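Labels run A, B and C following the written order; every chain starts at residue 1.
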Amino acid sequence: MKSAHPRIDFRANTRSVSPKIAAATQKNAQTALRKRAEVVAAMGEENWQNLRKIAHDMRLHTITHLDRYLSLVEENVTAAGGIVHWARDAEEANRIVLDIARRHNVKKVVKVKSMVSEEIEINHALKKQGIRAFETDLGEFIVQLAGQRPSHVTNPALHMTKEDIADLFREKLHVDVQPDPKVLTEIARERLRGEFLAAEMGISGGNFIVAETGTLVLVTNEGNGRMCTSLPPVHVAVVGIEKIVPDWESAAVLLKLLARSATGSKITAYNTFITGRWEGGPKEFHLVLLDNGRTRVLADEIARETLFCIRCGACMNICPVYNQVGGHAYGGTYPGPIGAILMPQLLGTGVAGGLPFASTLCGACSEVCPVMIPIPDILLHLRRRVLEGDRIEAPTAPAWMRAAAKALRFVLGTKMLYLFGARLNRVLQTPLRRGDWIPWMPPPLSRWTMARPFPAFRGDFRKWWRHRTVKDSSLQEKRHER
Amino acid sequence: MSDNRTDREIIFNKVREGLVSVAPQSFPMPDTGKAFFRSGGDMEEEIGLLLAEVAKMGGTARRIRGQDELVAALADLLKKEQVKTAAVSDCGMLREQKIAELLKDSNVDLLRCEGAGHNLSACDLGITVADAVLPETGTVLLRTCREQPQALSLLPRICLVLAAPSALQRDLHNAFALAGGDRHFILVSGPSRTADIEKILTLGVHGPKFFYLWVCESELISLP
Amino acid sequence: MKAQLFVTCLGENLLPDVLQKMVLLMERLGVQCGFPEDQTCCGQPFFNSGFQSQGKEMARKWIDAFADTEGCIVAPSGSCVEFVKHRYPLMFDAGTGEHERAVRVASRVMEFSQFLVNVLKVTDVGAVFPHRVACHYPCHLTRGLGVREEPERLLRAVKDLQWVPLNEADTCCGFGGIFSVVYPEVSKAMMEAKLRNVEACGAEVVVVSEPGCLINIRGGLKKMNSKVKAMHLIEVLVEGGTA
């Protein structure tokens, strides 16, 4: 667990988001969602829901039997001539990779897009050892040049316009080009082809590992996934321990869900299946199995479903919060709804405790999640962890909040006090009230009124109810008397 | 086996501790049967679907009905794409068709894939044979072997895949049933592509820029 | 038929006229309404803020208020109903008396449009509302309770009402309970996005059947001096001709 990670201040981050980011985020999301809806409809709603359910249950089975499947992976990869390493945290993972690099005198590394490699900040570790690492996915190549983090799990540079990218290429690559995606892509192709051929090591992540045969699965579109894992003489794959699937049927289920959920394509251009050492392939294949907090996620009965994630990005595409602020506001590797539940668990609520609150609990994410992660349930569960604490972590919210909640609960839960409090509100609002509205309230309630007025407190209902009951009963009495 | 056993032990212990409250048999593997729902149509329909899907992915697909058509199509392709160099799979059926000879006759230099395929980095055309085709998604299965190194479908600018109608498979599950035991195989669906720049689709990134799939009638190409 | 009024803390303190109209309408439809006076708040604000202990204590009180009553428990709010229905049973250990009581009240609680359409089997309440009307779909009502059709069916049965489609009708309005004060800038941005769609659709009235969403959207429309009025479904059904 990275204890050195600075505390994520979501609110501060959201206050410095440019409108351009929101616009770019929404444009990307709308395209992806529209295409997703088309391919889901083409498959048929019933088939789609069946797939989701199977995927969910398969993931649940896998992680609740994770020790068995980890053993199987280790056994099968080793039998196929691969070398399996275990890394309890980012530091250890980096140490392992650097060790391999040192042994092979590696100067240049080519990388396939991998969220895990972002998580452990491997490029930084390599740089410190004087090893150059080239991101080869176009989006990652771009954000690497720009010195930024990716802002989305499948579309890393969505926050940049083609003009931004042309400017960037002009500045960093010294090429003067039109902001034409075709031309910009061609430049990246030319630049990177040389690196693929010269690199001594390729580093990838892994979308899945099929335990049945010890097969690493890479899902890509650009061809760099294949290049990085076949051209250099050494291939190192760093994969989270949760990425295991039991067998080939399971892999097929997830592959049917992944591209459709991510971008609305039925399938990506390349799906690569690597088992240990293979004909014409790298001399060495290393698999680094990474924990880095995943076992802590596993230990919580409700939150463990976070580990089902296949990193499609559908949740953030549909999230109305993410669409207003973009990925960087989440302050870490994983943004959007999945980030809001994964990061507090990987980094601890002391660092990322604000993220479970970065949601209105609207539930749109859980409807599109291909593996049916109950994201709103886990958000609520983590909110409790922040305020009250649980088996996994002590509360990080200050004690006075719990005291205030107790007091407020007492007032709101005691009818006399509740009604008295309501009457008090009606009195206290008088200087602030303008007709039916309270345009301004003192802090912290000014957080509401800075955006829109608050409605005036009104106490009519119980009085009205009692009055008509009395009226009714008095009318009835009169009728009776007559 | 790596030498950092302590990490291995730590991870396994944590996993077991985390799962200690899980009752055995609580979460069985679901029946994946319902996921295998695609019913194949008849051969003609499936081939039609295949050609359409490849086109959707930005590739070009056609049927080749005879030896003459194959020769003509190849000549057209070489001319259209200005092919100077090519690398051809050594699979028996391609040798039978004397593809290599055809290419030599058109003054195309034949390269042999060496090692991982670095020497093919500037090659124009790579020709391979599909081990299976999935019409639903316009996908070809290419199993890596000595005769058909994976570099053939990756490094050259143009990827040409020949397939027999008998290679058609109903579903992804079938492809895995075939190749799941291999050390290396790929599923290729069209040319390399990206939409990383403003969601604008661009074909041809690091892998081949062009993808051709020719479904060759049974007499021409047969599977082993 | 008997039903119990679940007025909700927001409803009672900020939207009492909506509650009054709800009572009048239900009585007109032959429902004898009860009002368990011990109810205060269902506890959702505590629970959703992370204070699940306090949420549970509020739940106990709420269950006490309603347990010994008869009939459906009806609220003009999808989120409060969803909270009682889905969360209450989970709060108490299975097999306990508390759990049983929670399950029983959870089975009785219903949102207003659900109650009318699915229990009273009424879609035309005889309302007249000659205006262009759009409908916002509150998140907990639609995704939480699965109530998507009922409000629309009730509105479409209103005489002279012109249904106007609303773009991104089921996208969250940005209220989200404490979210509105924890991340007010984002809440504001989401509200403004909703209001842009409301303004653009050409409706005179936008129906918002959720107290939280209603105070958010109504306040936002007021701030921008919009001509569009935000009304609860109940207000449209009882209005009888005037906006």
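The rule is simple: a contact is a pair of C-beta atoms (placed from the backbone, for glycine too) under 8 Å apart; a residue touches a chain by one contact, two chains touch by 3 or more.
Computed from a predicted model, the values in this text were never measured in an experiment.
The highest number of C-beta contact pairs joins the chains A-B.
With centres taken as mean C-alpha coordinates, the chain found closest to the middle of all protein C-alpha atoms is A.
Averaged C-alpha coordinates put the centre of chain A at 31 Å from the centre of chain B.
Averaged C-alpha coordinates put the centre of chain B at 54 Å from the centre of chain C. In chain A, no position touches at least two other chains. In the complex of the two chains, the chain A residues touching chain C come out as 10-11, 14-15, 22, 320-321, 324-325, 356-364, 366-367, 380, 383-388, 397, 402, 405-406, 408-409, 412-415, 418, 422, 425, 437, 444-445, 447-448, 450-462, 464-465. If you check the complex, the residues on chain B that touch chain A are 1-2, 4, 7-8, 10-12, 14-19, 21-22, 26-32, 34-37, 53, 57, 113, 115-118, 121, 136-137, 139, 144-146, 149-151, 154, 171-173, 176-177, 179-200, 202, 204-208.
Put simply, chain C touches chain A in their complex at residues 7, 9, 11-17, 19-20, 23, 35, 37-38, 40-41, 46-54, 57-58, 61, 139-140, 143-144, 170-172, 174-191, 193, 215-216, 218-220, 222-223. For chain A in complex with chain B, the residues that touch the partner chain are 24, 27-28, 31-32, 47, 50-51, 53-54, 57-58, 60-61, 64-67, 70, 78, 80, 83-88, 92, 96, 136-139, 142, 155-158, 160-162, 165, 181-182, 184-186, 188-189, 192-193, 196-197, 210, 212-213, 215, 221-224, 226-227, 230-231, 233, 241, 246, 248-253, 255-256, 263, 266-282, 289, 291, 295-296, 298-299, 301, 304.
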